[in-house]
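For reference, chains read A, B, C and D in written order, and residue numbers begin at 1 within each chain.
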Amino acid sequence: MIIVTRKGVTDAEIDHIRERVERLGLRTHLSRGEERTIIGCVGDEERLRSVPLATLPGVEAVHEVQRPYKLASRDFDARGASTVAVGDGTIGDGAFLVIAGPCSVEGREMMLKTARHVREQGARALRGGAFKPRTSPYSFRGLGEEGLKILSEVRAETGLPVVTEVMDTRQVELVASYADVLQVGARNMQNFALLTEVGRVQRPVLLKRGMSATVKDLLLAAEYVMAQGNPDVILCERGIRTFATATRNTFDLAAIPVLKRETHLPVLADPSHAGGSRPLVPPLAYAAVAAGADGLMVEVHPEPETATSDGEQSLDFPEFTEFMKGLAPFLEVVGKRTATAG
Amino acid sequence: MIIVTRKGVTDAEIDHIRERVERLGLRTHLSRGEERTIIGCVGDEERLRSVPLATLPGVEAVHEVQRPYKLASRDFDARGASTVAVGDGTIGDGAFLVIAGPCSVEGREMMLKTARHVREQGARALRGGAFKPRTSPYSFRGLGEEGLKILSEVRAETGLPVVTEVMDTRQVELVASYADVLQVGARNMQNFALLTEVGRVQRPVLLKRGMSATVKDLLLAAEYVMAQGNPDVILCERGIRTFATATRNTFDLAAIPVLKRETHLPVLADPSHAGGSRPLVPPLAYAAVAAGADGLMVEVHPEPETATSDGEQSLDFPEFTEFMKGLAPFLEVVGKRTATAG
Amino acid sequence: MIIVTRKGVTDAEIDHIRERVERLGLRTHLSRGEERTIIGCVGDEERLRSVPLATLPGVEAVHEVQRPYKLASRDFDARGASTVAVGDGTIGDGAFLVIAGPCSVEGREMMLKTARHVREQGARALRGGAFKPRTSPYSFRGLGEEGLKILSEVRAETGLPVVTEVMDTRQVELVASYADVLQVGARNMQNFALLTEVGRVQRPVLLKRGMSATVKDLLLAAEYVMAQGNPDVILCERGIRTFATATRNTFDLAAIPVLKRETHLPVLADPSHAGGSRPLVPPLAYAAVAAGADGLMVEVHPEPETATSDGEQSLDFPEFTEFMKGLAPFLEVVGKRTATAG
Amino acid sequence: MIIVTRKGVTDAEIDHIRERVERLGLRTHLSRGEERTIIGCVGDEERLRSVPLATLPGVEAVHEVQRPYKLASRDFDARGASTVAVGDGTIGDGAFLVIAGPCSVEGREMMLKTARHVREQGARALRGGAFKPRTSPYSFRGLGEEGLKILSEVRAETGLPVVTEVMDTRQVELVASYADVLQVGARNMQNFALLTEVGRVQRPVLLKRGMSATVKDLLLAAEYVMAQGNPDVILCERGIRTFATATRNTFDLAAIPVLKRETHLPVLADPSHAGGSRPLVPPLAYAAVAAGADGLMVEVHPEPETATSDGEQSLDFPEFTEFMKGLAPFLEVVGKRTATAG
């Protein structure tokens, strides 16, 4: 931490600040300017985070020096780029993964049809929600365990690993018993109890960025999971909430290269939620690839206009075929390879 | 819903749209303009929400007509203003409630001291976190059940009802067995599993607005709780996340009168989190009163600079005394009465 | 400035950074941590602002120490609170000013009627736009000089000083020859040519905060005006643009006490534009008073539903009468006096 | 417009609303629901925009049907994609343009060197500011006319057309006499006097999106220029202001495909301002290409660390060479051709 004092700070105030810092085992270093004094704190910044430095008499500003995340930081991995296994494939460090499927698991037939189609076009994981977070309590909230069973049957038939959301600490074990990857949704990105719980199981976690989460918040959420012993976190940019209303969310594309610089974890983009409309899926997805994403999660539905949720942003089968055809040359330019078929 | 068609929509497209709407039991009503046709849908809009109308061929825009919340809407209550009992007192419909106390329960002594002080100054409920949502996994996360016990002991000694946060569906019963009001924090405002669970217990719920939640989102979150049979929801404006960084959050003061117009539920303001700094607590709190708030939640700590969390924004005892003195004339102007002592 | 170096910074990089800083006449002060070094720069920070310190090899972060505004800063005024004369009255340092009138000057009769009504109720300045900034080129853009003439005639008849917007550097002299206060609108808050030009005339400037301006941006805009020799700047909070759409803008109420702490300049609130709707004007206005505002600017129109602009947010005469009645007790609580009649 | 009435609206209120609409020459069409009535207004919506419909008694909501821009709308151009000539080259409809150069014109030598370098690498227009909008009045504000002269000399030597900012209505003629393209900066996007003035000269206008401008606002700003008779507007996405602070602005990538769907005008991206840092320029630029941009504007400086402004985000020569090399394969994938050399 760096502490900047107010104009006219007294020596007693400076002494008091230093005393508070040094009591926690850090050293302080003074740099006196004409009006303000800068107090550099040397040592483990973590211990200082609980101290309300800004409220000590004489303090004007406090600046962090060290990053608050460790396991998630790029430095933590020798290569600077870790990989996460998803079924037989992987994501990260040059391996590109397309996850596709409907918003909700609506039935066995539609899941199987969708899985076969997306696998044929090059997707290497299947998404589908059994427990659905819905803004209104009156909306369809998913098939629950029945949906999980369908997902695992479809995996058995198609070989595609399954990505599905978990919303409740009490369901983590259940969902983990069916799914290959546990998804934590945007609205639960700071549900710390849930983060802790998914950190305790041996399943990769796909962590979606919250609508008002900064990059630092997202990395701290990943740190929660990792701190429990689960290193397999995949991050996902899916748009943030801003004043711009031409799209469902504002796709923060720059977060992708920023994350690649800050963390070794693989970074996915979700162009379906970011744009909220079918025609925006290809441009947003291709842009994510150009910006360095390690994978994509795309909503696909056999008949979007009958979908129980997110029909507006789900590609139909011919659209997904086109989409994947358009994706290939971009992957070639960035030199990434898609996972081989399961 | 009102559906606006694209320029050049065909009759077949219009027929298809009408057919989709009418199949769900609503009637449609056409209004043909020069370039676009407007299709009014008459009947229960709820049934239409799952249909991805915007994706039907020929559709340009879809506008909601009915509000998606019912139990929370102002019309639902005969008076337009419900009250919620908090201990022996109430909040709402003219009764003003001040909830005060530290961010975290740090020990029995500090809680008791704080409770006595805030009660003396006119607070009628005690806040204090036993389970703490923390951005970093390495921060202090509360005393847990030990903290709950302290809270109930302090209630026994002071008569102050206790408000404390619940973060995990598995803790709802436990927390409800100690607390008078269950707080759902900003980060969990769309933790739908938690909302459902607190809707099942017989305890008032203090629901804080999420950092990126619209007023509609907040009311739908309240609807989740109420739809389970728990009518006692208190809403809390605590600041939203915007580009403005001079304060910890941006206090959306106008949300208070907007909420008072939209819902019968009582509306609290939390000037401590909204401003994030001690000197901002009084102006924000008094402004909330002037704008129609039914109560305030204020962080108070015997020695803010040693607080384990939120020390920057916690008033010390003399500051809280001053604060309450300053509050009284504003309450008089708006004609609200504070709850009488427990 | 404080410069924080990257992990693994080399001595040569540190030397290079110091050399760049010291060449501009500042001294540097090193504080070596385990991984990073902190370089404090002592002296006139202004000289450093043009140097792209963040791009120097080895630099990780740069933090400002000094505020970039001087004339506008609170320290610059001995009392910490300056006043600005508006006609015969003043605003600031305890003197409260209500400015009222229609969005646009639509004609002589309606201006005169409005002026008389608002004066009778206690307003001490008249607003009215002759040159109107309109989002669409096809909207009514004001009466121009004809509108200015009407304003000055109405002033002659009622004694109310006149506040009107200037949008073009070429009109500054013209507008200044008619108006008592020059308003710079939100969309021109960073029109630096205009700020410079209004700084050159001897007329108070009412500077509205831009929709995406931080408090610092607003104070730097004031500094532009003041740096030209015009000390009479009144700041105005009128809402910012955020994701929250229940109101036209998001009224950043906390900006009022933050500004009062940062600057000696008087601070107005504009509840009409902030809320964008008539029923929100009173609660937002009263809240602004409770939070420390020095005045209010309120839109009033004899018949809002025929207004050429902003009818949605304009009070009619009976509403304004009620509004002013409701305002008085709040002013009494905060101990502010309205300007005496002109 | 579509007008939705409140629950319990009276027939007299409905009649009054219809009367107000029909008086302006539109027809109304009623659709009565159970609780609310929908009034469709058929005819030229433009005439209704000045009527404060939302404030009429009985009105709950008002929805626009027609777009408020005409000349800028995609329908206005037969092909749906217009081109703008920039020097000997063009931008739009498949022709891709890279504009490069320093933030500010600092001198003849540096401009000439930069122009030669960027031309060699494939840029087909030169940027450089002679009049600089600076947040602080104490920062370097450009060489003024001297800078314009340098730009035109460098054009004479290199053949590169020149893009430079105009900030003041009084300078439009002067700048137009030197420059090939007039840039209107983000802070002046709603400086309507300036938009009107640049609409009157025969020079293409590069219009940057304001930091809090929606896509609709941007298109209305373009409409201002076009309504004066100047059809040659190039739009530029350069990032918006949001809570996300890991980058200087939030690059709203999705605005590019949204604009391509809404307007026939060419769309540029400015990855330098969007990201605010050198390493982010390539990923943001390539993403913009993948998303459909018609060109890029990139800051390049011979020695960024000595730049008088924007050094943090300016590429040096070797970086620009790399950047252009990396760009080529993306252009190939999207099937766009760069303008041929001047």
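Some notes on this structure:
The rule we apply is simple: a contact is a pair of C-beta atoms (placed from the backbone, for glycine too) under 8 Å apart; a residue touches a chain by one contact, two chains touch by 3 or more.
All values derive from a computational prediction rather than experimental measurement.
For the pairs A-B and A-C, the count of C-beta pairs in contact is higher at A-B.
With centres defined as mean CA coordinates, chain C is found 39 Å away from chain A. The distance from the centre of chain B to the centre of chain C, each centre being the mean of the chain's C-alpha atoms, comes to 31 Å. Inter-chain spacing, taken between the CA centroids of chain A and chain B, is 26 Å.
In chain D, the residues touching two or more other chains are 212, 240-243, 245. Contact topology of the protein chains: fully connected, every pair of chains touching.
Residues of chain B touching chain D in their complex: 2, 4, 7, 29, 31-36, 38, 40, 42-43, 61, 63, 65-66, 75, 241-243, 245. For chain C in complex with chain B, the touching residues are 212, 214-216, 240, 242-247, 250-258, 261, 274-275, 279-280, 283-284, 286-292, 329-330, 333.
Touching chain B in their complex are the following residues of chain A: 20, 46, 49-52, 54-56, 68-69, 133-141, 167-171, 187-188, 190-196, 210-212, 217, 220, 223-224, 227, 240-241, 277-278, 304-305, 307-312, 314.
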